[in-house]
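Both complexes shown next keep chain A, but they swap its partner, so chain B is in the first and chain C is in the second.
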Partner chain A sequence: MSGEPLLEVKNISTSFFSHLGEIQAVRGVSFYLNRGDVLGIVGESGSGKSVTALSIMGLIEKPGKIKQGEIIFNGEDLMKKSQREMCELRGNEISMIFQDPMTSLNPVYRIENQMVEVIRYHNRNLSRKKAVAQAVEMLRLVKIPEPEKQIKSYPHEFSGGMRQRVMIATALSSNPGLLIADEPTTALDVTIQAQILDLMNDLRARINASIILITHDLGVIAEVCSRIIVMYGGTIMEAGNERDIFYNPQNPYTVGLHQSIPSNLAISEKRLVPIRGTPPNLMYPPKGCPFSPRCSYTMRICLEEAAPTIRLSDTHISVCWLLHENAPKINGYSKGKIVDRYKTPSGS
Partner chain B sequence: MKAVDDVSFHIDRGETFGLVGESGCGKSTMGRTIIRLYNVTGGEIFLDGTNLTAMSEKNLLPFRKRMQMIFQDPYASLNPRMTVTDIVGEGILVHNIFKDRERQERIFELLDYVGLKREHANRYPHEFSGGQRQRIGIARALAVEPELIICDEPISALDVSIQAQIVNMLEDFQDEMKLTYLFIAHDLSMVKHISDRIGVMYLGMFAEVAESYELYAHPQHPYTRALLSAIPIPDPDLTRKNKRTILRGDVPSPIDPPDGCRFATRCPLVSDLCTKATPELIDKGAGHFVACHNV
Partner chain C sequence: MRNYFFRRFIQSLFTIFLIATVTFFMMRSIPGGPFTRERPVPDEIMRALNAKYNLDAPLIVQYFDYMKSLLTFNLGPSFSRVGVSVNKLIGLGFPATAKIGFLAVLLIILVGIPVGIVSALKQNRPVDYFVMFMATLGVTIPNFVIATLYIYLFAGKLGWVPSFGLRTPWAYIGPILALSGYSLSFVARLTRSSMLEVLRQDYIRTARANGLKELSVIGKHAMRNALIPVITYLGPTIALLMTGSFVIERIFAIPGIGRYFVESVSSRDYTVIMGVTVLYASFYVLMIYLVDVLYAMIDPRIRFDKEIP
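Moving on to the complex of A and B:
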């Protein structure tokens, strides 16, 4: 059933209205997710990743508000649904694993009770015994050893990695069409992160889940994602498949991200090329492209007008004035091709 | 509880020694013990040939000036009620290096150095971003012209695009001021990038110590191998080639560590001997030390 969109997000903007002013957390974000795909959303802290996810889930609360846009899931516009209908949908058809695993497990209940509650919430005719059996199976699926015994534990008796597995098991127990995982491994050590990513790859193959994975780590993206969105300052900078984003990035911000991190452990690394400056204040976002104050290629129009979305191929878009037909051709960006990924931007 | 147990190593002048290992393995404890923020319960610490282990606080003062620390959390490590001038200038006051006007001048100089503005001098930490706070922490550490700086995860709390700014700055300062670094991190790719030699810790002990390139090219300890293979590489083609060793289970509690080799409970090569005797850190040649019975 691959290939048709399960989710389409069209031009959503979400803001938080504080007493100091409007924080424009997400500004006109559009993307789609095909069935069976793993979509990665990568971006730095504050770029709007979690707010995008919470908007899809219908979990933006006051003082926040989705100002505009459409969210089409399975052919239905979620923005038109009532609170109650959204509540039904969440956990049934869309599940989310939240950024902080400790906030989503209740410390005073055994794992068993929490999982059974979720399972029976969505399937009220199920006997308790059958629900427990299903919970045990879910724990087995996420490779918790001795699940019959471990299900009696309290959350604090589990390590961070095991708690994250329980979260995944719980999220999957309603057999959702879409799983949104917000930084599911950020709080974990690398060897435990490897276990979880391995598990996600395994699940993807076995239950054909459609997944949105949110992370700030391009390495994590490279492990599991087939499509990637790069976010910055509440907007999408570039979107494409794995080859587009890792081997043919066409947005100066994506290139900057690649150059900021040591990429290949086997070679003795050259000096890193940092992105100068700091991310924008979303209370007063730059008028034009959000990256323009930090970009090495900034032109006057970049500061003044939002950049156009340039379609580079069937899979690849970049939101950047440099790719506009009237823009001067820059070495390394000639007709969109970046000749040397590690070259220092010239105009700096 | 012994957070760090029976560990010996040295750092050469002018080099960067990287310390890696998973959360709770004792990296910060090691750093803090070296600059004697914590007391040593066994063993000795030498700085430039002088034994610091049992030195009184008074005698320690001149040595404190030679060792500084940059802390893990840029949000918690700066006193919120002190201005940038007070924070950066504190060490200068304590060690009585510059007076009044000269002191302020020196502080301005340090702010220039770390890329902050002079008008930031009278502001408070909460007015700065994480990256700027870490710059304040670096200025504070540099203020007394130390020789050794313990960098305890100086970039972990920062955005990717800001991390490279700080790493490059640390590298430049090392060249210019002949600094020696102990660089603590759990991000192995950054440690590889910045370090000359690396020590891999597991549950308070060293598993392996080697030159940076050697460690990545020829890891010997099964834990090092697993740790290296677990690093997510931002290059999908390489990722696919990378044969990953997925470790079973979790890190055991340091309060009651396993007998024998501490890694035995998760080790793919475990044998009978491992649960009985603690392996020693043995030189396998060319300064490559490994603590494992089976390599």
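Moving on to the complex of A and C:
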């Protein structure tokens, strides 16, 4: 499955220019995604996960702007594409579903109308009848009961879980190479969450799509993701595969996340330990490591200089001064080589 | 659905009936009558007049008589204009009023809504500022000031349009502008704010994420949702405009219905008061009914056919 990456994000920075000043929501984020893989992005609220996703989609709106970076999808730089070319791409080769299924469907049109519009928009030769048939098939695939009948419903007649299934069905109707799911289960209750995740995993295998799964719940990510990125304050703190992030976390922020999240299996007997303090103000981000004001191991350099990207293994990187060879040795943290900030580890 | 429309229709008829009844008795409870004059009228003449117009019968009998004739759309004779029926009076005044009203409504729909949309799409740009400036003026300047200024400038100073009546097509411009000024501005502002609100909604982001073109995102997905509050406002407003404004008809000397109504109140011309009130009320109720129907068609969440028992 691996090989050349489907998506490469290189050092993108996205800001929102408000009246009060520039909100630096994403600051130099780089990662890659191989074909058929599921990449998880975790981080607290406000860490820039959604903005990263919207940047890839080309959906950053007015006061916002992608200031720099490259987004290479299928060998093409999306930043160089026109709005029109991006429209062709969106919902066709890259699809996205959102956090709140209750409000993500248009209340005044039938499910059929909304799905068929998207299907036919991306496949203009398709007759209406065939498009409807395809929509019904998609609904069947996402396990909506009696899809022929239900497709005539309005969104308000569906539950949250059903609506999210409709969103997934619509997003996948054009066989996209990449599906970005931005907290697709956050608004749903726990049993439905599991069903939706199962469904996504199942569909990925079936239609061979790659997925970026955004969440602030490490537990959700453990089950489905082959690679995981931990974000904080608009930057990447740590990246690795499941084993790296869950059993060998090498960044105080990741460790803090583990300890503060109840669904984490590894430490389930221990007490939950919240991370002290609040996320940084992105209008005036800290000069050094964004986590330094809250970290228990903060050194002087952490406050002054951005942390280096340290390679720990083929799959594992961490952005932290603690791992620098000159830093004092701390139990549980290892040392590694500084690598170019914008190169992601190869292979997976 | 059909059930709901039918039920609402019956309700509307009942509302008109109630309004007619309340007006009838309230009108009769104020002192004076159609033949009261400053100098007392001799008793026998008064009696003869009252007998002629059946005003000497018990009130409740008069009420039933009136309601019966109302059912056949016969609004009775005018008391102050001898020999003229109320139907005739309305027939004389209403066409001019309705013509102005209808054109004002058209202007509001064809200009107010599009302008509001453009303004929303160009938020915080010069076009938007200009539109909002004009709309704020339109909402704050009273219509008689617009009318007077208009006549002063275009009829008086420039002499481009006649200053009264409706004899040439040009003569319509002033009354229409004065009549619609407030609502036109209000609709533009309402459409703009409603559109801005809708554009922030999640389903708009979904539509964009699905790759749909702006034309569909705005024209289809945003529009229908954004128009819901506008329609709510337009319903009663259309009724109001179609029944005209006494002030504007007065300023532009338009032979409309407003003048009969105002005159009839001071002269206690019972049948004219009743006739015009019933006409206004019917319009109002009809428009509100239409709004409800439109509502149910536009927004599937407002369908009441599944009754809660």
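Operating definition for what follows: the second predicted complex is superposed on the first by the 321 of 348 C-alpha atoms of A that agree within 3 Å, B and C clash if a C-alpha of one lies under 4 Å from a C-alpha of the other, contacts with A are read in each partner's own complex, and residues count from 1 in each chain.
We adopt the following convention: a residue touches a chain if its C-beta (ideal position, glycine included) is under 8 Å from a C-beta of that chain, and two chains touch if they have at least 3 such contacts.
What you are looking at is a predicted structure, and each value in this text was computed from that prediction instead of being measured.
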| item | value |
| --- | --- |
| Clash-or-fit label for the pair chain B, chain C on chain A | fit |
| Of chain C and chain B, partner touching more chain A residues | B |
| Touched partner set for A:125, first chain B, second chain C, both or neither | neither |
| Touching partner for A:98 - first (chain B), second (chain C), both, neither | second |
| Partner chain(s) touched by A:82 [first = chain B, second = chain C, both, neither] | neither |
| Partner chain in contact with A:326 - chain B first, chain C second, else both or neither | neither |
| Shortest CA-CA distance in Å separating chain B from chain C in the superposed model | 11 |
| Shared chain A surface residues [contacts with chain B and with chain C] | none |
| List of chain B residues in touch with chain A within their complex | 22-23, 129, 131-132, 159-165, 167-168, 171, 186, 188-190, 192-193, 213, 216-217, 226-236, 238-239, 244, 246-247, 250-251 |
| Residues of chain C that touch chain A when the two form their complex | 201-203, 205-213, 216, 220-221, 224-225, 298-301 |
| For the chain A and chain B complex, residues of the former touching the latter | 44-45, 159, 161-162, 189-195, 197-198, 216-223, 242, 246, 256-266, 268-269, 271-276, 278-279, 294 |
| Chain A - residues contacting chain C, complex | 57, 59, 86-92, 95-98, 100, 103-110, 117-118, 121-122, 154, 156, 167, 170-171 |
